Amino acid sequence: GGDGEGSASGDDPIVVGISLPLTGDFSEPGKGVQRGYQAWAKIVNDKGGLLGRPVELKILDDQSNADRVVSDYEQLIGQDQVDVVVGPFSTRLVVPAARVAEEYGMLFVEPAGAAKEVFEQGFKNLFYAAPAVANDHYNHLAEHILALPPEQRPTTAAYAAMDDPFAQGTAYGLKEKLAAGGIRTVVDEVYPPNTTDFSGIAAKIASSKADIVVGGSQYQDGVNLIVALQQLNYQPKLAAFSTAPTSPEFAAAIGNKTEGILAPTGYTQKAPYPSNVEFVEKYTAQFGSPPEEDEANAYTTGQVVAAAITAVGCAEQGDCQKKLIEWVRGNTVETVVGPLSWDATGKPKGAHMIQQWVKGEIQIVLPADAKEADFVFPKPAW
Amino acid sequence: MPSASEPTPTTAGPTTTAPGGGARPPLVTVARAAKGIALLALVAVALAFPSLAPNPYILSAGILVLNYAVLSTSWNFVGGFTGYISLGHGALAGLGAYGTGLLVTKAGLPSFLALAVSAVLVAALAVPIGYAALRVRGASFVIVSIALVLVLLLVFQSWASFTGGSRGLVVPRPFPDLLRPEHHRVFWFLFVALLALALLVWWVIDRSRFGLGLKAIREDEDKAEALGTPTFAYKLVVFVISAGFTASAGGLYALWFGDLDPVFQFSILTGSYMVLMALLGGVRNLFGPLLGAVVVGTALEYFKVEYGNTPLHLVATGLLLALVVLFMPDGVLPAIAAQIERFRPAQHSIREVTAAQLREQRERGEADGVPPEMAAAGNGGPGAASARERS
Amino acid sequence: MSSGALIFQSVILGLLLGGLYALLASGLTLYFGIMRVVMIAHSAFLILAAYLAWWWHSRLGVDPLLSLVVTVPLFFGAGVLLQRLLLSRLRPATLTMMSVLLTFAIAVMIEGLLGYAFTGTQRRIQLGYGSANIELFGARIAVVKLIAFGLAAAALLTLWLLLKKTTFGWALRATIQHRDAARLVGIDTDRVAGFGFGLGLASAAVGGTALALDTTIYPSLHWHWIGPLMAIIVVGGLGSVPGAAAAAMVLGLTQSLLQIPLNTTWAQTVFYLALFATLAFRPQGFFGGRLAQRF
Amino acid sequence: MASEIELIDIQAGYGRAAPVLRGLTVAVPAGTIVCLVGPNGAGKSTVLKVASGLLTPRSGRILVGGREVTGQGPQRMLAAGVAHVLQGHSVFREMTVAENVLLGGYTLKNKAFVAERVEFVKELFPVVADRWDSLAGLLSGGQQKQVEFARSLMVDPKVVLLDEPSMGLDPKATATVFEQVVRMRDAGTAVLLVEQNARRALETADLGCVLDLGRVHISGPASELLADPQLGELYLGGRPAEPPVTPKV
Amino acid sequence: MTERNGSGEALRTEGLTKAFGGVVALDGASVAFRHGQVNALIGPNGSGKTTFFNCVTGMIRADGGRTTYRGRDITRSTPHAIAHAGVGRTFQLCRVFPRMSALDNVLAAVRPAGLLGQLRGAHGRAEVDRARSWLTRLGIEHLADVEARNMSWGQQKLLELAGVLMSDPETVLLDEPAGGVNPALLDRIGGLVRELNAEGRTFVIVEHNMDLVMSISDHIVVFDRGRPIAEGPPSVIRSDERVLGAYLGV
């Protein structure tokens, strides 16, 4: 399905091919990314499109399935002859998708391939449209904890991460730093993506009585783990989970017992960049609520592609793609998450912020210069 | 060329081989000619497809179908000959794929050497697996085969340090410089070659004494054993052959596709697609699984393109399987053969005679010196036709 | 860090899990051991029931337990129809094999329809008491898990009584072993076989609801259940309801305890190890008996 | 004399295939044994299946006790008083001998009567008592046949259809079976008996019917059939050279 | 066929024992069957005759005792090895390959040797001719291309016999060949057995049809409760009191 409404000019549309996990493991964030792309297309088209041509999205559902994502991009590029492609959600799907794009010589800007593995594949066409890679997401939190006075500083930590490059990347990025700072790891669990029963893991964490619990989660697994921990009445001093707590569904999913839960984010609605003000406003008008991180990442992706197309002056398969790739590699793009530029592997050069649920709302607490609320430590009981 | 033991109750039976069967009716010759032409057409299509495919996507979809064809033909070594229904063949393909991938990435073998070594390793591994699994029959075998997939899934998910776990394993490209359409073209021919080899081996076994022994196992294993067939050894050998081909298909897929994820490599769905395809085409037929793969594989791709955003392809698959099981348990090819049968003049192979007529015949026969013996031993009579019914 | 407490906690979790396994495996045993049908779709129906409970809760806001009032009769009816319209059409000679494929097809269809209706997104019932728990000698028992266990136990007991204490159980077994002979002693075989299947599915309805109370569900979740359940009925001895229940408790407990030294995934392999060991050393299972081959 | 069961002009067959029975008529009066003989595949078992409602005839009528019962299933037929012992092995293999025998009385409400019958069959067939709790499928071939026959003795029907009850039985058990057949006849039951042990059966029976190719070929008093030398050769086998060693009932 | 010694011992068991749970099916059965004879094995239902066949042919493993065939110990051999040694059998409930033609049913009994033998075509001219000649001898040649499941009981019995004979056993064990077979047909089966015996084959026949047993056997072994209680030629057995008591029930 496309989103080509409002095509003012009668020109041939620029078809953007996307495969997204609208169902399956990544469906919650996947739908967020979809909304972000849709908002981008609408905003671009409302302004008359790119190169005078309207933008049309062609979105396929890959069901969070790495096999499907490959055949989706194969279909988009080979059969549907889309003009450009952009990435799906999550590292696990981004890597195989990027390879298809590369082998067809296409530019591949993606919103959600944050794990360091993405940049180790030798892709020449890939660019991650967000500020930082997974392992650096918790950098501010690690600094903050290690800077606490010794008597306040937690001494033990429990980690549970999904067997997923991104989720593990975040948790282990933090783990490395805390362990180096002398915080002992007492539980270190890995679970496959489709795990539904977390009571065993929760029992181990609870009985370890760790001061800190860190979940390398995507979405539903984070929710399940938190509920399982709550069922065992485990009360850590600090609880951090990647991705899940930033989702709009999160609070209801765990029965509103959210107080004090932490999560990293690359985006804030309050960021002062001019395009962000426009984005938040128009997005809110379109969808009724302000955008979250996933939406923003998709929007950023769109911005990068749009900038390249506008600058190079073409959008189709073939030689044009080489030019687009060249352009992105050599330039800095102003986006809703700030100015983005990339190294040779497509890795962005920026940092993430830390959010916390404070008084029933998720707010930025770190770094100090961006904070919306004070960091609460130790966390109140949940 | 299709199976000589095809159950065609009222034809001249194993037409290709029946010696002294008297003059062959012209129909049979026509049928043979038709088969020859069909075979040639098949070869022509296989060779020309890459040039005919309108775009690389169609070619890649074709490769998927071919992969299915190799898999279900490989499955049919066990399922068709011995009647052991394995829902777990997906695991063997997965092992082949991972074996190839790991040999390339961890041992640094060249891609196709890795493929060969992996196929041999899986075949070797099939000896202990078969040794355990083939000891039980019927439902227990199905359960074991399902368990095989599930346990390997757990192992490959959990043993992340070796297999990459749920994060998957990336298999380096054998031809890193090829653009994707070229890459597809090369692999199309590789898959065609593998399929041809599998078909050839199946065909050789089908007509051999070994094959007849396997079929006897399918019909009545204890009886076969009592007649002197070393049933266990037979089953094991054919299981190993099947595993080798299945693993080769898996390995070739790994080289072609490049990304392995345990959830898909060790999926019951893969195994059941093999069963569905073989069953649909007809498990007693050389080309049955191929036909099934073309039908089901094409349908799957079609569903995906048409209804891509919905899981309705699962419903369609299920529906198809259910219909086949309920109405065509012998497959399409035999069903077609049976339809053709109906247009031939009815031949009653079991004579309908009363005991009195029988005695007359016998007396006449004895005069002629032909011993009609117990010619109508329990003259099947009306059963002749009724027995063609699936009972 | 007290590992004694962890063990105790794991034992409790294992028993609670085992109860659910027991109920589900008993349903499978019913079709499998008694009716010679390999019911791959059992866990798909389980997930279906879970979805219905979830839907009931999220749409109508009613407690999922109340959905049983609808799902149990509904599933019973579905079971009767399934048996009468589909399974009864299979040739007796190939019943076991073909029923695998047929019920496999049904499972896949259910999965597809669930995906169509509810998407592949993971769902979870958000209960007010979802994380409520009670303390027992230092261990914590989630209220939802306790309810699920109670449901399973009640259903299991009912099933067992029906099979053992009524002639229905006899009639069911006779029907499947020799249909014509059963008809000749006066058994209404169509009805009995249908009821048998209905009963099995009704147990899936209860199990599904119990499952939905405390776990996320998604359409393809049934694959994760089918393996352990199959293993349980083989270990327990095909055909024996008490055998399946006992094996379920033992394996559930083992799995839970193994999670302490191993991770969750490795711990699951216990089912398959038990399955292979059973087939290697005691193919007739550890509790029920299976007819040895006669020549 | 009114017949207890009558099959009139029956056409019957399996599936869509040609009919097995082609216009067959048989009647069994109360207190009479009618013996059906004929070559393998003649349709003898099919006749019994039609008579007990297992197989619905394509045309023709079935009367039990003068009442029309055409098209009714075995359950209703049993209620009408028709019992049928199948050919071959039809024990419930994975149930105990006890369960098998008791299932023979599935339709009975009277517990005392059931207990009485159980005692009776246990005495008649020692194997039933000896192996009361073992699975029926594990018994030897002949033992299973005995259990089957015992099962059929649990009820007291008006019409009994017996399909080769002596197949696989040892001489002693064969004698018991024939004794019971005679006892039933004497109690007024109508017995339709199919036997390949044809001479023996005809010696016991009152009337005989030779079935061939789905029709009644010849019928008449059993003794006349036995005496017909041509029939003997065609259907009953040549007289053994030596006198039979099987004891007479 | 290998050289056939008219007087040697074919099959011998010593103290063969088999119990199923509490049921003792074979209780130290020691029996010897001479080569080149038609032997009968009779006894009441459940006396262990079928179990004896099953143990001798390796289909089930005896708990104790020894079986030798022509002097070779076959106690622990697999069924196919025993078949290779020259012992063929039929089953009490006739067993054929239901979805194979009669011809294939018979051909399936061919035992190929070596890898190349395995891969040779199953329908080689020599084998097919031999198979057809067996079908002819058993009078079911016209059914060669009919699937076994479409045959009547009697035809299946003959087909099973043809298959066993195709595997060219020196010794044939038949379990109730007469059960359910029309008496007119039975006479001919008896004739065939004698004919084949004249060619040098040994038979062991389990049968309840005394007319048949008495008319065709040279030697009769009577089983009761899992062990032989009497043996001898028909004339002796017919008047043996134990036999009359245990078996014939008079």
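Residue numbering begins at 1 within each chain, and the chains themselves are lettered A, B, C, D and E in the order written.
Here is the rule we use: a contact is a pair of C-beta atoms (placed from the backbone, for glycine too) under 8 Å apart; a residue touches a chain by one contact, two chains touch by 3 or more.
Going by UniProt, the chains are B, C = Branched-chain amino acid transport system permease protein; D, E = Branched-chain amino acid transport system ATP-binding protein.
Keep in mind that this is a model prediction, so the values were computed, not measured.
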item	value
Graph distance between subunit D and subunit E, where chains that touch are linked	1
Chains most often in contact, by C-beta pairs	B-E
Whole-Å separation of chain centres (CA-atom averages), subunit C against subunit E	47
Computed distance of Cα centres, subunit D from subunit A, in Å	79
Chain centre separation (subunit B, subunit E; CA means) in Å	37
Rounded Å distance between subunit A and subunit C, as computed from the means of their C-alpha atoms	38
Shared interface positions of subunit D, touching two or more other chains	38-41, 138, 233-235
Multi-chain contact residues (two or more partners), subunit C	93, 115, 120, 263, 265, 295
Residues of subunit B whose C-beta touches two or more other chains	157-158, 222, 310-311, 355, 377-380, 383-384, 387-388, 391
Subunit B residues touching subunit E - in the complex, by the definition given at the top	4-5, 7, 9, 11-14, 17-20, 204-205, 207-213, 215-216, 219-220, 222-231, 349-351, 355, 371-375, 377-380, 383-384, 387-388, 391
Residue ranges of subunit B in contact with subunit A within the complex	55-58, 60-61, 64, 157-158, 160, 165-168, 170, 179-181, 183, 257-259, 261, 263-264, 304-305, 308-311
Complex contact set, residues of subunit C against subunit A	1-3, 5-6, 9-10, 13, 17, 115, 119-122, 124, 126-128, 130-133, 135, 140, 142, 144-145, 215-218, 221, 224, 256, 259-260, 263-265, 267
Touching residues on subunit E, where the partner in the complex is subunit B	57, 59, 78-81, 83-84, 88-89, 91, 95-101, 103-104, 107-112, 117-123, 125, 128-129, 132, 136-140, 142-147, 149-155, 158, 163-164, 167, 181-182, 184-185, 188
Subunit E-facing residues of subunit D, complex	38-41, 87-89, 127, 131, 134, 138-143, 145-146, 164, 167-175, 196-199, 233-238, 240-242, 244-247
